[in-house]
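In the two assemblies presented below, chain A is common to both, partnered first by chain B and then by chain C.
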Partner chain A sequence: MRRRQSRDTASETAAGNEDGFEGLRVRDLTIVYGTEAGELAAVRGVDLDLPAGTITGLVGESGSGKSTLALAMLNAVPSPGRITAGSVTMSGVGDITRLRGRALRQVRGGVLGYVFQASQNSLNPLKRVGAQLLDLARSHGVAQPRLILGEAAKLCERMGLDATRVLSSYQHELSGGMRQRVGIVFALVLNAKVLILDEPTTALDMLSQAAVLEVVREIHAERRLATVIITHDIAVVAEMADRMVVTYAGRVVESGTAGDVLRYAAHPYTKALLRSIPRISGDISAAEPLPGRPPDLASIPTVGCVFRERCPLAMPICSDVDPATVSVGPGHTTACHLAAGPLAVPEQSEEVAG
Partner chain B sequence: MVSASPPIAEPQSTGRRADARKRRLIGVGRRLGARIVAALVMIWAVATLTFFLVHALPGNPVQVQYETLLSHGVPPAQALKETRIIYGFVSHEPVVNQYGSYLWQLLHLNLGQSISYSGVSVSHLVLAAAPWTVILVLSGLVVSFLLGVLAGAVAAVRRTSKLGDLLSISGSLLHGIPQFVMAVLLAYVFTTLLPVFPFGAPYDITVIPGWNLAYIGSLVSHAVLPVFAYALSSYGGWMLSMKSSVVSVLGDDFVLAAELRGLKPLTQLRYVARNALLPLFTVFALSIGFMFGGSIFIEDVFDYPGLGHLLLSSISARDYPLMSGTFLLITVAVILSNLLADLLYTFIDPRVRGQAS
Partner chain C sequence: MIEVRGLTKTFAGRGGLLGHRAVPALREVDLQLPPGGAVSVIGESGCGKTTLGRILCGLESYDSGSLLLDGRDAKELSISERRERFQRIQLIHQDPYSALNPTRTIRQTMLASLRLRASATKRSQAWTERRANELLELVGLDPSYCLPRYPHMLSGGMRQRVVIARALTVDPDALVADEAVAMIDVSLRLGILGILRKLRADLGLSLLFITHDVAAARYVGEDGQLYVLYRGQVVEQGPVDEIVQRPTHPYTQCLLSAIPVMRGLERPGPDRLVPLRPLDDNVEPPGCLLADRCPQAQDDCLLGRPPLVSAGAEGHLHACLHPEARSVVATPEPTGSSTR
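For the complex of A and B:
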């Protein structure tokens, strides 16, 4: 957190946050699902900063709440889930969780671009790509909707797609890699400031993966986007991300620069996750699978550390007290009682500017 | 399909695209041709079946007709000629010849002559009755489609609420009621218990047919009950299939994507509606057959002079040529509407269009 504050410069845009932060900021976000067994928290007390010009990798196992978190950034948590606390603040827009109706609609697609994974069909199967782009333009009150086609064509060409062909195609006429790139075109064609990629490489072959990631990196730098990549593929994060955030059972257990987290992982879960990756060179049996199973919504402990049941280093305190988020290096934090030992400095509370 | 390529622009290929379009067009043409041929084959099969059915009827009606004429003192040559006019064939000839002359007459749209309405050709009777049935069936189809699809969509969107449950129950309930029961029920409730609507015939005999309000008003008020008998009996099918279709489309990724891209609610609704309506075309095809079949019961109950009524009265009068002619026309109508639904599907769903090549 201190790292961010030192980076903060005088606000360039009048539309920036009060403290001049540019990008998307999640504070103390809690999302619960109302079930027959009561209200279960899928995401609890999450703090997250997605500054402009930074690629953040959001890592976690299936069911760690990372997709729910991503949908919450667009205030689109699917029913029966709902945001019960916290805020998602976009510079120049305000708290997205408070937006409704037309204002919310304009932010989705206009400010926040969401890209579905390639295996999902994010286009209307009965309409040509171009016609759907026109729908997008009309929905966002673009003065001359047809101009969006030129913009989209430029983006297509940037991504190595034959624009004329793609715009006159139906979804079923495009390959997985092409669909993924078309999804990115839809997310960026209205000049979104935040790019959210949900599992961008799942269901793509190695060559398409590399191509898609390369394009994302280039456009990210060109437009100074705040980009977040949601993935369970550590390799993608290592390759792409400036910052890395590790989630487990709906909590952020560790965050820091990608280099720091990968090299000096502080949380036992992060360490275990890293150990479970097979290396290309070296013994495949050196990869250790994580023992146990990730908890489902109903079995997440409400008190104490959520990882304690699978943690090799669990202590008695872990079942009674929620671990606080502590700093273990510049801009590197973790939520673990072990890290909160005498050597660690408790994280300072948020300074309120102004 | 070109698989994902490294980010190098593919060369412009206008020629190849024109080629692809041509191939697709040929594909559509071929598909269309195949469907039409299949429909013709089906009509031929039904005609053949009708021929042999009349043949197999107990008492050999053709022979009976011939002998009746003889017993009335008609000379044999004359009797033979008249029988041939009525049935298109006579039973003295070998079956192959009979069959051949029957088909030959059919090709000239000659369905023979009616026995009960003596001297009137079957084609004339059938063509006079057909418009009434077509009007009833089409109105019933439109009303049930609109009601069923709307109710189905609402039931899908509100499927967790009381309203959704209520609509679903209405669908299953009405789906289970047979057409003749529905017709009798409507007739009893609305013409006897609460005499709101007139009963019987397509219009009041006191009004003069023509382009005047009294006539049209009379037509409409007489058609309301039979149309609703059709509509309510097929409403359940529409409603239940629309509900499940909307539920499955709502779960599709592109619907969430449309929401996350901030599309207007109306645009989102159009996306869902168009995709959900697609599978209903199959129901449409089945439903037309069901309704034409139902005309036998419904027109009988409301004493409506359509094809069903004609078929039923020809059966009780043992008017075999009229029977087989009506039967043939109903079957042809069903086959043609199935063909239409199939072709419409090809135009509406681009994925089916693509498969043709």
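For the complex of A and C:
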């Protein structure tokens, strides 16, 4: 069932970015958190395109800035964090980082649907799910809020939830898997164009995870959403995403089609990450742990490659110069000196690589 | 050897929407955990995995059946024997943060356990310091870094290693790992799994590994057994790779079919199976417990509960009236395609 509703794309494009891009576009985004040691960057100079009709998977270790980036897409980075540079432009809306007050509230939960990490707890414990949906509708100026309940019920049924029961429940009466799905209902009920899912299936069992992902995939295709799935579970991204973006220490280190990044991983971090995942078939001893541990904000190098301390191929230049993002294939880029061409590769490091 | 026979547990019921309905958590479960062996348990949320693990650790009561520790029924042990015996079966659960006292440094936590051990085994205080260092090194931590620190100063992966090191202070025979890596970052998971693997090999520890991640179960216990629980009943069991590659029970097939495929590196299994509907534990089908969801169900499935019988291969058992081997898990793409 991959129906694709033929929407009025022409008028959407007219209202879109000047170059006709449809979806969400992040440019040179930097986000810092205030700490005892001053303001430290959690996300630095990130460029990202989330085109309509595409599922983008954002993967990276814990602390690599995935949630911070997602919050910035909603202009919702909490204090002591703030966006210090860059833009998040949505077609038909403009730069979200410049919106304030009512205009911003309309966009969040409206055209920008989102499910935050640990949405398990983001429902109001004192209100029934149905009442919270009505609140959402009212706060977004929906003319007939009650109609939302019908739409929510339809979404619930599609996710295998008993709508009558769920809408009249309090949060604590729902299992983790049910709450996760209710979160997605909230994100979609007001006709979102962009869907941001932060760890949507973490802590779900295999069957619930597959069911949630299947519904996301269907609705994504039907509504031609720009969907981003944030997770540290690469397998979920490999299964779901058209494009894959790998973050490390607040930087995008590799991006491309999911197939290319998996098959032709170019960045040493991506390669190591892929090796560290045990597989269901084949030689299980081929899995190798990634050495070292993820950096925290204070230990992220501000000059040179952020991965150098754990990189088996690090060279002197890696400590001194930020690797530029270079193309390694059609639509496939990476930020590593080794990929920047033979000139950047000193001879000894070839041996290490072999 | 830890063994359960006919283990049955029903919870009196929960409040809320479901009313006070009895919840069968385990139904006549038989399981053997040999010394140095590994048994992995998979199944949907709520199918009884944690309850089984807690009973093995002496932390939960059961209604009928028996728990045998080296052949002796746990109910016949004296209180002190029970305490001593169950202490040697240590539980590692999923949240490494709540497992450690946040107001104690790692040194205080480790020494508190080790002092008890030292007085029980008539060893000196100097031994406790030495042993703390030894155990932290065994789980891949740097003692001089960790000992003076509080739990919140360590990463999730490091905390889980501390939890394992603390469990080892009592020289356990067995570990029950209940989704022990679920909250650990993917990049650090393999390290923890490797430690569990090493403890089996080096110390002869047995491992009950409760998980949603079947590949992780292969990593820690490829030579071990895999048990599939559904609504408290063992519906299939056998050697890990036999069950993964040739599952015969439709429930196992549904579970394994749901494992995400690393497209590009793997091809999906050809015979994937999807349950007809989500689990509804308000209805209890009269015959096979899966009958309301099973894509292979036939009329006779409602007549009686299928018993666990041999599926042919050594040690492979299943409880289904219409079993059929299916290939559902992904296989690696042929190698050589990984350069461009």
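The rule is short, and it goes like this: the second predicted complex is superposed on the first by the 324 of 354 C-alpha atoms of A that agree within 3 Å, B and C clash if a C-alpha of one lies under 4 Å from a C-alpha of the other, contacts with A are read in each partner's own complex, and residues count from 1 in each chain.
In this section, a contact is a pair of C-beta atoms (placed from the backbone, for glycine too) under 8 Å apart; a residue touches a chain by one contact, two chains touch by 3 or more.
This is a predicted model, so every value here is computed, not measured.
Q: In the overlaid three-chain picture, which partner chain does A:T333 touch, first (chain B) or second (chain C), both, or neither?
A: So A:T333 meets neither chain B nor chain C here.
Q: Touch check for A:G259: first (chain B), second (chain C), both, or neither?
A: Touch partner of A:G259: chain C, not chain B.
Q: Looking at A:L273, would you say it contacts chain B, chain C, both, or neither? Reply first, second, both or neither.
A: second
Q: For A:S91 in the superposed arrangement: first (chain B), second (chain C), both or neither?
A: So A:S91 meets neither chain B nor chain C here.
Q: Which partner does A:T247 reach: the first (chain B), the second (chain C), both, or neither?
A: Touch partners of A:T247: none, neither chain B nor chain C.
Q: Look at A:D205 in the shared chain and tell me whether it touches chain B only, chain C only, both, or neither; answer first, second, both or neither.
A: Both: A:D205 reaches chain B and chain C.
Q: Can A:V215 be said to touch chain B (first), chain C (second), both, or neither?
A: A:V215 sits against chain B, while chain C stays out of touch.
Q: Could you look at A:H232 and tell me whether it touches chain B, chain C, both or neither (first, second, both, neither)?
A: After superposition on chain A, A:H232 lies in contact with chain C alone.
Q: Looking at the overlay, does A:H172 come into contact with chain B only (first), chain C only (second), both, or neither?
A: Both partners.
Q: Would you mind listing the overlap between the chain B footprint and the chain C footprint on chain A?
A: The answer is residues 160, 165, 172-173, 175-177, 204-205, 207-208, 211 of chain A.
Q: In their complex, what parts of chain C are in touch with chain A?
A: Residue list for chain C touching chain A: 16-17, 42-46, 155-158, 182, 185-191, 193-194, 212, 214-216, 218-219, 222, 244-245, 254-266, 274-275, 277-279, 329-332, 337-340.
Q: Which positions of chain B touch chain A when the two form their complex?
A: Going through chain B, the ones touching chain A are 1-10, 12-13, 17, 252-254, 256-264, 267, 271, 274-275, 278, 348-351, 354.
Q: Where on chain A does chain C make contact in their complex?
A: So the residues of chain A in touch with chain C come to 61-62, 160, 165, 169, 172-173, 175-177, 203-211, 213, 232-236, 238-240, 258-260, 262-264, 272-274, 276-282, 284, 287-290, 293-294, 329.
Q: If we count contacts the way the header does, which residues on chain A are in touch with chain B in the complex?
A: Residues 71, 74, 76, 78, 104-110, 114, 116, 120-127, 135-136, 138-140, 157, 159-162, 164-165, 170, 172-178, 186-187, 204-205, 207-208, 211, 214-215 of chain A touch chain B in their complex.
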